[in-house]
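In order of appearance the chains are A, B, C, D and E, and numbering begins at 1 in each one.
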Amino acid sequence: ADSVKLQLQWVTQAQFAGYYVAKDKGYYTDENLDVEILPGGPDIAPPQVLAGGGADAMLNWMPSALAAREKGLPVVNIAQPFKTSGLMLTCWKDTGITGPQDFKGKTIGVWFFGNEYPFLSWMSKEGIKTDGGPDGVTVLKQGFNVDPLLQRQADCISTMTYNEYGQVLDAGVKEDELITFKYEDMGVATLEDGIYVLEDNLKDPAFADKMVRFVRASMKGWKYAEEHPDEAAGIVLDNDATGAQTEAHQVRMMGEIAKLTAGSNGALDEADYQRTVDTLLGGGSDPVISKQPEGAWTHQITDEALK
Amino acid sequence: MSVIEARGLNLTFQTNDGPVHALKDVNLSIDRGEFVSFIGPSGCGKTTFLRCIAALEQPTGGSLTVNGVSPEEARRARAYGYVFQAAGLYPWRTIAGNIKLPLEIMGFARDEQERRVNDVLQLVDLAGFGKKYPWQLSGGMQQRASIARALAFDADILLMDEPFGALDEIVRDHLNEQLLKLWARTNKTIGFVTHSIPEAVYLSTKIVVMSPRPGRITDVIDSPLPSERPLDIRDSAEFIEIAHRVREGLRAGHVDE
Amino acid sequence: MTLAFAALLVWILGWAVNGWLARGPMANTPLVRLAVPLIFGLTILGVWELVVRGLNVPLVILPAPSLIAARFAGSLPVLWEDFSQTILKGALSGYVIGCGAAFLMAILVDRSDFLRRGLLPVGNFVAALPIVGTAPILVMWFGFDWQSKAAVVVVMVFFPMLVNTVAGLREATQMQRDLMQTYGASYWQGLVKLRLPAAMPFIFNGLKISTTLALIGAIVAEFFGSPTVGMGFRISTSVGQLALDMVWAEIVVAAIAGSVFYGIVALAEKTVTFWHPSQRR
Amino acid sequence: MRSLVAVLTVVAALVVVWYLACIPMNIAGVLVEAERAGATVTPTDGAERRATSGIVLAAKNSFAIPATWAQERPRLPAPDQVVNELWKTTVGMNITSKRSLVYHAWVTLSATLLGFAIGTGLGILLAVGIVHSRVMDMSVMPWAIVSQTIPIIALAPMIIVVLYSVGMQGIVPKAVISAYLSFFPVVVGMVKGLRSPDAMQLDLLRTYNASSAQGFWKLRLPASMPYLFASLKIGISASLVGAIVGELPTGAVAGLGARLLAGSYYGQTVQIWSALFGAAILAACLVGLLGLIERALLARMGMAR
Amino acid sequence: MSVIEARGLNLTFQTNDGPVHALKDVNLSIDRGEFVSFIGPSGCGKTTFLRCIAALEQPTGGSLTVNGVSPEEARRARAYGYVFQAAGLYPWRTIAGNIKLPLEIMGFARDEQERRVNDVLQLVDLAGFGKKYPWQLSGGMQQRASIARALAFDADILLMDEPFGALDEIVRDHLNEQLLKLWARTNKTIGFVTHSIPEAVYLSTKIVVMSPRPGRITDVIDSPLPSERPLDIRDSAEFIEIAHRVREGLRAGHVDE
């Protein structure tokens, strides 16, 4: 069987259920693939692993992937299982925040490590400075949990609909104590969790063929996971080596993830791509990418896979 | 009047090999102005006895008084100058600084400190070396500095534990002479540990011969030598006679080895 | 390939020059003592440059030294800001507080045999708590700014310093202590005139160990939450952005800062403990 | 025996302080929870409460104090919570389970031991080189010091990626990082130890016309043993920290580091603390084990007194 | 035939205080089977001279031959047994192990090693202590063990640097006797540093008196004493006469201090 290594961008959780389901259900084996799923972590950069040859494909947020491309690492999106963005800002209502313009003077937790681009684009679109001045926002590099919000060290933090937001609620906070801003709703959504490979590799027909089979099986896994969320969550739990995940949490996450993958058959929607690029380029003074990317995506694989 | 008075003194160290009887039933009385030497094989308790007098060690039995009070009280009254077997100078202080140390602790005035440091440096032939650090001096010079340190604050009782062990014979002779002169001038009471029979005989008014396991006094010899003692007194018949007696005493203590 | 071969050549050459210098007649002059490690460092840089170029190592894996140098020179303002946030504010204040507190504690502990027996094992246990676990907790307690970094540093340096100082305070020999006794010296006189000077080599040992700990502690703690400035922040963010040249520029700053910091403490040690055999030649 | 009593006393005192500290640390959170549950707390206004110190809050709401020791996500978990969690995840669980701390400790331990072996071997080799070669001494030693000023956590991901790219995964990258942290104390201690024989002992061998290999085996090496063990004890805890650091960027799939991270990621303070203590206990055991080996070896060498 | 031959030997140490002339124009020739003592004040270069002979120090001028070849070559031929000022036993080896050390290095056979160890232990009165560790023995016993170690491999030349400095007089007398017997039996050439005039006179066939700054030889005294020397020879007129001459020589060297 052909071996494929997939680098995730975070630890094993339902966010990556499709791949685990495909592996567990034998979809990869059916395609004559031997897939190894490499969990990510707080300071593992999937593009770096890809560049080092440690993985054949990676999952990444498109802003981060495009930035890597500009840095000279030619990564290409070959499939986009996530249709919708799950990223949002969650704020305490009692801070008086009602809209983006109220962020001025507030403290906001943001994930860095390549995940800061959507936020920076949004802020520059709103014309809000992020350097901590009185009429800008004070940005904190947020750790891995929702403590900054709960401990009131930040007025808002970044959350994913499927994960951290649930954790905030789990901590006993009522939804009406909070106000949330989904990037999707604010019109600054960027594509998340696409599958990327190195451009040069794609020229190799054998590799391309491998990816075709990989994407096909993966999408089959995703669709199965969408339809059987409880079972998918169970499969993810079985694959979690840390033993730290709880069933309730993964089931809920799977439910939310299903909403994000729902609209996608795996092929990248050009309009979504263009919206992402525009958002990133639109960032006034400090854009994340400086020019329209060329060849950052291809339908070559999905066309074949979805035939 | 008796300055140091030991009655049935015992000291037993508890070690993990069992108890060590470092001192057993030691009786001794030393008068003001006496020069007493302690001699005996290694491990017979000479150092231990000196340490008891200086209240550095607590006897486990018997009584010991110094100037009529307990050693502890005498220590607090700063009755002792003590010279250890090794020089034991503080390496971070100059020679002068080392000699000044007890003076600082006892609260002497600044200029008095200077004066005394100069005096004792002169006395031990180290004038001009005050600014050096201990490791810049030879072993003999270090030992002399440590003697100077013990002399600086002019205690009534001077306890010296083999102070000249590391020196060559000429320097040793010279310092012996100096010490005798100092003693004659100041009328201090001196307790002096040595391994050298001639040295003990030459210096002392009283020689205490000790023997080990358990540490005890086997002989106390009062010297009939005059207090005026040129170096060549060591060739006199009287001297040789006393030396012989000391040697016999020592040899007796060695039989068990 | 030829470049890789050149790398080998550079290595042999550098090593040969050093061998010649170290065995030569001037080996003990300060100039040579400085030159030899420098030449060694330059040799490594040369080999690194040639290997990276020769084997076409991707920038996002390992940038060449020349690139790092260019980035370093081009980012001085940012580097300085990060340096002052992490080192000047976080590491230094934590170092001073941690070492100072440990020093005072050591003097307290030293007075009581009971405390010493009880506290030191517990202290060694606490010192074994891995920083990657304590840092998130302290960030949660002390907030995102440099205060939490200083707290991490305090926790890291406290026990090594305590253990060393306590050991140092017991370093005076029995004879030196006895001498103090015969003078009827008070506790404080004994401390100031004997035990503290005698403890200095140990105290400086603790201070030296603590320099590197302080630096690493302050940087690592920023991985677990920080404002948008600081060496740790920059390193972790730049890795995510694949700006490896920036990462290495920060590492260079860390290495320079660490060496200078260490050097200053070592110099102070040399002047204070000039009397110790290890400082004499 | 006396030491045991002393340690227990100190521990007891610390535990008391710890319990007391829980009150002001956790009271704010407890009050928020109580308020959501419908209790009346003073002051009632949340903003005002946040401006009040923990001690004052505790005084005004003494009814809430017991709850500060039993929160689910405390700022500072109470000792019994940590001990409970430790118990539950070690003794109370099948050790092959992924939820068992013993399993994770084993994962970390294996990387630690491998790293420690590499680091110690490398450290000893370097030390031997430094002692026997002036060039090595003058060139390498300053850079060994510099190497320790580099924050390993910054290098760790790169080391992992580089090793990934040459096909090494699993335990080796972690062990490399742990070796990086442990080699330095070993070098320093071993250099000191190998240089500890005094001039006279060296001269003695010269009068025998001993070769430098004989000098190494018969004099330098045995003389260095006490120094070696002192630094091995530091080295092994450094190794452990290295293995834990190495676990973070390797996907943190298993091991104490993964537990720390997972606990941190889900805000499970109790789990963080128990993993933290697990790590410290492991370190203590390793150091203790080395101590026993040291005692046995030095006793056989006749150096124990 | 002359075993050791020094001609115009010079040795200057470069220190940061300037040069130290440890040895200046030293001329000496020692014949096979002689027992030569070196005596002189501290720092006069006794140890340095001994070290030059053993090729532990490199002279900066003059010539020195041992057995007709350079000291370095003689060292490689393992011509020396050296006893240092302190015992310097390896604490991780038993007494027997310490004595075995040179034998292992020189590649003696196993059983030969055992035999020699037992022999020399007997010789220095330490039979039965072979299995003990150094720190389980008294200072005197340690010193004897270190002498045994130097004797074990039966070198022609025995160099001893104040080997008995740390011992008390009784033990010292005893070891002096033993050493003389050994020397008489084996016909070794012995170089012996001491601070004690009686010791030097009692042991030697030749006494070298040295004086410091710069270190040089001021007197070489050939002893007319018979080779059979009971301890009480020390009370004989001849002995006292030689001792006197040595003392005078020493005193002359001390004037400048």
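Rule of thumb we're sticking to: a residue touches a chain if its C-beta (ideal position, glycine included) is under 8 Å from a C-beta of that chain, and two chains touch if they have at least 3 such contacts.
Which protein is which chain? UniProt says B, E = Sulfonate ABC transporter ATP-binding lipoprotein; C, D = ABC transporter permease.
Not measured: the values here are computed from a predicted model.
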Given subunit A and subunit D, the chains that contact each of them: C
Mutual neighbours - chains that touch subunit B and subunit C alike: none
Steps needed, at fewest, to go from subunit B to subunit D via touching chains: 2
Which of C-D and A-C has more C-beta contact pairs: C-D
Turn needed to bring subunit B onto subunit E - CA fit, degrees, nearest 5: 175
Distance from the mean Cα position of subunit B to that of subunit A, given in whole angstrom: 85
Computed distance of Cα centres, subunit E from subunit D, in Å: 54
Centre-to-centre distance between subunit E and subunit B (centres being mean Cα positions), rounded to whole Å: 31
Subunit A residues counted as touching two or more neighbouring chains: 42-43, 45, 48, 51-52, 143-144, 147, 151
Shared-contact residues (touching 2 or more other chains) in subunit D: 75, 153, 157-158, 161-162, 165, 248, 261, 264
All touching chain pairs, where touch follows the definition stated at the start: A-C, A-D, B-C, B-E, C-D, D-E
Contact set on subunit E toward subunit D in their complex: 51, 54-56, 75-76, 78, 80-82, 84-86, 88, 90-94, 101-102, 104-106, 133, 135, 153
Residues of subunit D touching subunit E in the complex: 198, 200-201, 203-210, 214, 218-219, 222-223, 225, 301-303, 305
Contact footprint of subunit B on subunit C as seen in their complex: 173, 175-176, 178-185, 189, 193-194, 197-198, 200, 273, 275-277, 280
List of subunit A residues in touch with subunit D within their complex: 8, 11-12, 38-45, 48-49, 51-55, 94, 143-147, 150-152, 167, 171-172, 174, 240-245, 249
Touching residues on subunit E, where the partner in the complex is subunit B: 40-43, 138-140, 167-171, 195-197, 235, 240, 247, 250-251, 253-254, 257
